[in-house]
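Shared between the two complexes below is chain A, which has chain B as its partner in the first and chain C in the second.
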Partner chain A sequence: MSTASIIVAISSFALGTLLALMTIPVLVWLERRTAGLVQDRLGPNRTNIFGFRLGGVVQSFADVVKLVLKEEYYPSHIKSGKWLFMLAPIITFVAALLAFMVIPFADTLIIGDEHLRVQPLPIDFGVFWYLAVSSIGVIGVIFGGWLSHNKYSLLGAARAASMVVSYELPLGLSILAFIITYDTVDFNAMVTSQSELLFGFLPAWGIFMQPIASIILIITLFAETNRNPFTVAEGESEIVAGFMTEYSAMKFAMYFMAEYIAMNTASAVIITMIFGGYQLPYISTQMMLDNFTTLAICVMIAAPIVVTLFIKWMQKNNRVRPGMAQDKGREFETKFFTIAFIVMTIAIEFILLYLAFFSENLLAQSIYVTVIQIATFVVKLMIFNMFFILIRWTLPRFRYDQVQKLGWYYLLPLALLNIFVTALVVVGVSL
Partner chain B sequence: MSQNVKVVQRASSSVRDKLYLPAIYDGMKITFKHFFKNLSDINAVDVLRYPEEQPQDITDRYRGLHRLTHRPDDSIACVACFMCATACPSNCMFIEAQEREDGHDEKMPKSFSIDTLECIFCGYCVEACPCDAIRMDTGIFSLTGNKREDFVLDKEQLLANKGAFGEVCSCARD
Partner chain C sequence: MLEISIFSILALFMIGGALAMILNKQTLFSAFGFLLAMIALGGLFALLDSRFLAISQIMVAVGGVVVLSMLTILTVNAKEEALPDEPNKFKWVFFTSLLVLPFTLLLYKVLSTLPDYFTKGDSIDSKLIGKLLFSEWVLPFEIVSILLLAAMLGAIIIARDKVVYKGDKS
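The block that comes next holds the complex of A and B.
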């Protein structure tokens, strides 16, 4: 173990934890704001710290403070298994968190003759890890529903469990199709093989190579995360809040956060498997390293444009309505962030200028490529999280029998057929 | 009978509808349209930003916070007849009567308080009052306080509330 490998391991673990945990407040806020904008209203945007609203992200932290300070309440009818009652949300939370840890954020970093994975858990059987660990999450749901000693909760847990079991099969089969296609169980190798070209003009992303398996994967992952339209685990009209009816304060928050981490993990898996992961289309890692000067110039041109557009948008929207008298520091906030973004852009420009023209430091260049790939990954992750959120405000919930019918009658045969065709094609190609 | 049976095709029987995915695409188009339209100009979203922007469309029939009216010579219009308290379905009005010294009537309220936490703003007190002494035309729609006692309005507070829609004095006899 050299120093470099330790640093890379620690920083990628920190990055993974940060991406998993810090996206919770952002996603909660994003979900509420997006819901607002889709429904022609605003959503939370008032909370601020010293006038800094950040568009309302602070609201999530206020919620956290509220949930932490709330009374830990145990229903008095729970006589035995109290510790398991408390453990249940933790199981769900930890499973969702650990499943995220095998996602590669960037290509293998080569320092000297060492190949270092930018992956919180540097293992090369990531798909199996994901399938194994993410399924554990439902155990927390079952425990929660069962130990609540409440018929609604038990029903909610039973529904969630049976739905997850039914959708686990098409999920596994569609992932199997990808494993056959990419010939690997390593997430990183999957991404690398997606950097090639299909028919000479399409990026060889999973969505183009395996369209049916991709759709099945997206649908089943929606079901696995218990999100709309597959919210059979909870239902206001039939079973109150489902398995989390008896949970309060931080225990509830654990389930709540687990749902968001699971959504984040599902987005990460989807983009890693079918949308090229951290890769930009048409550009492989080796190409980036070989043409670093061109890449640097492209980023140097693109960064100011993006930042200018963002600042324009912020100056237009982060202000009170013209008719309103009070401003309450919004103008100051806009000014502060404008200057901060400009300073940041200038710093990036100078670093790139130095790296591209005055330094031949290959290590710094490959680290910079890694950073670009991480940024690509984060942008794609957020776009797909937005897709998850927007689907929620587009589709109505499925009835429970519709959920099961979709899973067993349509998705499972389709996945089996797809895997059959895939196997035939792969065998045919290799012959 | 069987000749009269009309077979109506189900609305969602085309292949496009059965595939569901095109319908999801149609729905996403609407969602995205709203989202991006509102994201591009957040100030154009038609909402009332409440604490800064106050509602301008309160009509004079709006039942706001209560007030006690005055006679033209500024004395209290209430004669402490207890009609309002009797009509009140939630028993939130507490009136204590005393003898009246200013020569208008026999009685006036010594204390007159309304517990607005109990009040259901039904307006029965206004209907019941024979002297037009209590009204709910203040236009005050928000009532805030830090403790429960803040929500019990006493006689002075009720007299201090102003009518928002013109009529200041009680139109009862003076």
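The block that comes next holds the complex of A and C.
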């Protein structure tokens, strides 16, 4: 173990934890603001710390404070197994968190003759890890629903369990189609093989190589994460809140956060398997390293434009309605962030200028490429999270029998047929 | 030293989980014991540096078996008073384990004479396992699948029994 490998391992682990945990408040905020957008209202945007609102993200921290300080309430009718009742949300939360840890955030970093994975858990069968660990999550739901000792919770847990069982099959089968196509169970190798070209002009992303399997993957992952339109386990119009009915304060928050982490993980898996992961379309890692000067100049031109547009947008939108006299620090916030963004852009420009023209340091260049790939990954992740959120606020909930029918009658035979065709094509090509 | 302490913790979890599974009256706590034992077994495989086997263990035993058995428990939803009364359960468990003890010793002797594949230190490649499973070990693999098919048919016939009987009557 050299120093570089330890640093890379620790920083990629920290990055994974940050991406999993720090996106929760952002996603909650995004969810509420998008709901507001869809329903023609604003959503939370007032809470502030010293005048900083960050567009309303601070509201999520206020929510956390509220949930932590709330009274922990234990239903008195739960006689045995109180410890398991408390442990159940933690099982779901930890499973969701661990499942995220095998997603590669950038291509393998080559320092000297060492190949270092930018992946919190550097294993070469990430797909198996994801399938194994994400299936533990539903066990927490089952324990919670069963130990609550009421009909609503029991029904919710039974629905969640049967939905997961029936959607695990098409999920596994669609992933199997990707494994056959890419000939690997390694997430990073999957992304690398997606950087090639299909028919000479399309990027060889999974969505173009395996359209049917991609759609099945997206649908089943929606079901696995318990998101709309598959929220039969907590359908409040029929079974109050399903398995969460008896949960309050931080115990409820654990289930709540686990749902967001699971959503984040699902979008990470989707973009890694079918949308090219951390790769930009048409540009492979080797190409970026070879043409570093061009890349640096492109970023140097693009960064000020993007930042200027963002600052214009912020100055236009981050202000009080006309007619409201009080400002409550919004002008100060806008000013502060304008200066901060400008300083950051200038710093980036100088670093790039130095790296592109005055330095031949290959290590710094490859680290810079890694940073660009991480940024690409985060942007794609957020876009797909937005997709998840928009679907939730657009589609109504399926009925329970419709969910089961979709899983068993349509997705499962389709996935089986797809595997059959894929195997035929793969064997035919290799002959 | 570290290895031994991790091993003993995992072994404690395994034995405790297995005991909890047998001794608990409530079926869901038994399922929790089973879950603990299976995760600890996966941990033992990981301790032997065969990470692929550890993950397969968790995927099959936890993701498949435990979730399915829990689904059954939820569907049956047995009440506390409907569970069978077992006054001499601990005696039964004790004497049965005494009865099994010679076989356990025999098993221990057989296993300890086996060459230790695991302790060589190189982790097992997932591709190698796949190739071996479909070339050298294809016959046992197929036999296992026939066994599973037989079990499935048996379960269906047991579950269907009453329905078929009713159909004959009408």
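Remarks
The working rule: the second predicted complex is superposed on the first by the 431 of 431 C-alpha atoms of A that agree within 3 Å, B and C clash if a C-alpha of one lies under 4 Å from a C-alpha of the other, contacts with A are read in each partner's own complex, and residues count from 1 in each chain.
In this text, a residue touches a chain if its C-beta (ideal position, glycine included) is under 8 Å from a C-beta of that chain, and two chains touch if they have at least 3 such contacts.
Values in this document were obtained by computation on a predicted structure and should not be read as measured data.
When both complexes are superposed on chain A, chain B and chain C sit side by side without a clash. Between the Cα centres of chain B and chain C, as seen from that of chain A, there is an angle of 110°, stated in steps of 10.
When the two complexes are overlaid on their common chain A, residue A:A158 makes contact with chain C while staying clear of chain B.
Once the two complexes are overlaid on the shared chain, A:E168 sits against chain C while remaining clear of chain B.
In the superposition on chain A, contact of A:F125 is made with chain C only, not with chain B. Of the two partner chains, chain C is the only one touched by A:I136; chain B is not. Of the two partner chains, chain B is the only one touched by A:T394; chain C is not.
Once chain A of one complex is fitted onto chain A of the other, the partner contacts of A:L21 are absent, as it touches neither chain B nor chain C.
With both structures placed on the common chain, the touch criterion links A:I215 to chain B but leaves chain C unconnected.
Least inter-chain distance for chain B and chain C in the combined superposition, rounded to the nearest angstrom, is 30, based on C-alpha atoms. Shared contact residues on chain A (touching chain B in one structure, chain C in the other): none found. Looking at the complex, you find that chain A touches chain B at residues 34, 37-42, 215, 313, 316-317, 319-326, 390-391, 393-395.
Those residues of chain A lying in contact with chain C across their complex are 80-81, 84, 123-125, 128-129, 131-133, 135-136, 138-139, 142-143, 145-147, 154, 157-158, 161-162, 164-165, 168, 185. For chain C in complex with chain A, the touching residues are 26, 28-29, 32, 35, 51-52, 55-56, 58-59, 62-64, 66-68, 70-71, 73-75, 77, 126. Those residues of chain B lying in contact with chain A across their complex are 21, 24, 27-28, 30-32, 34-35, 38-43, 45-47, 49, 52-53.
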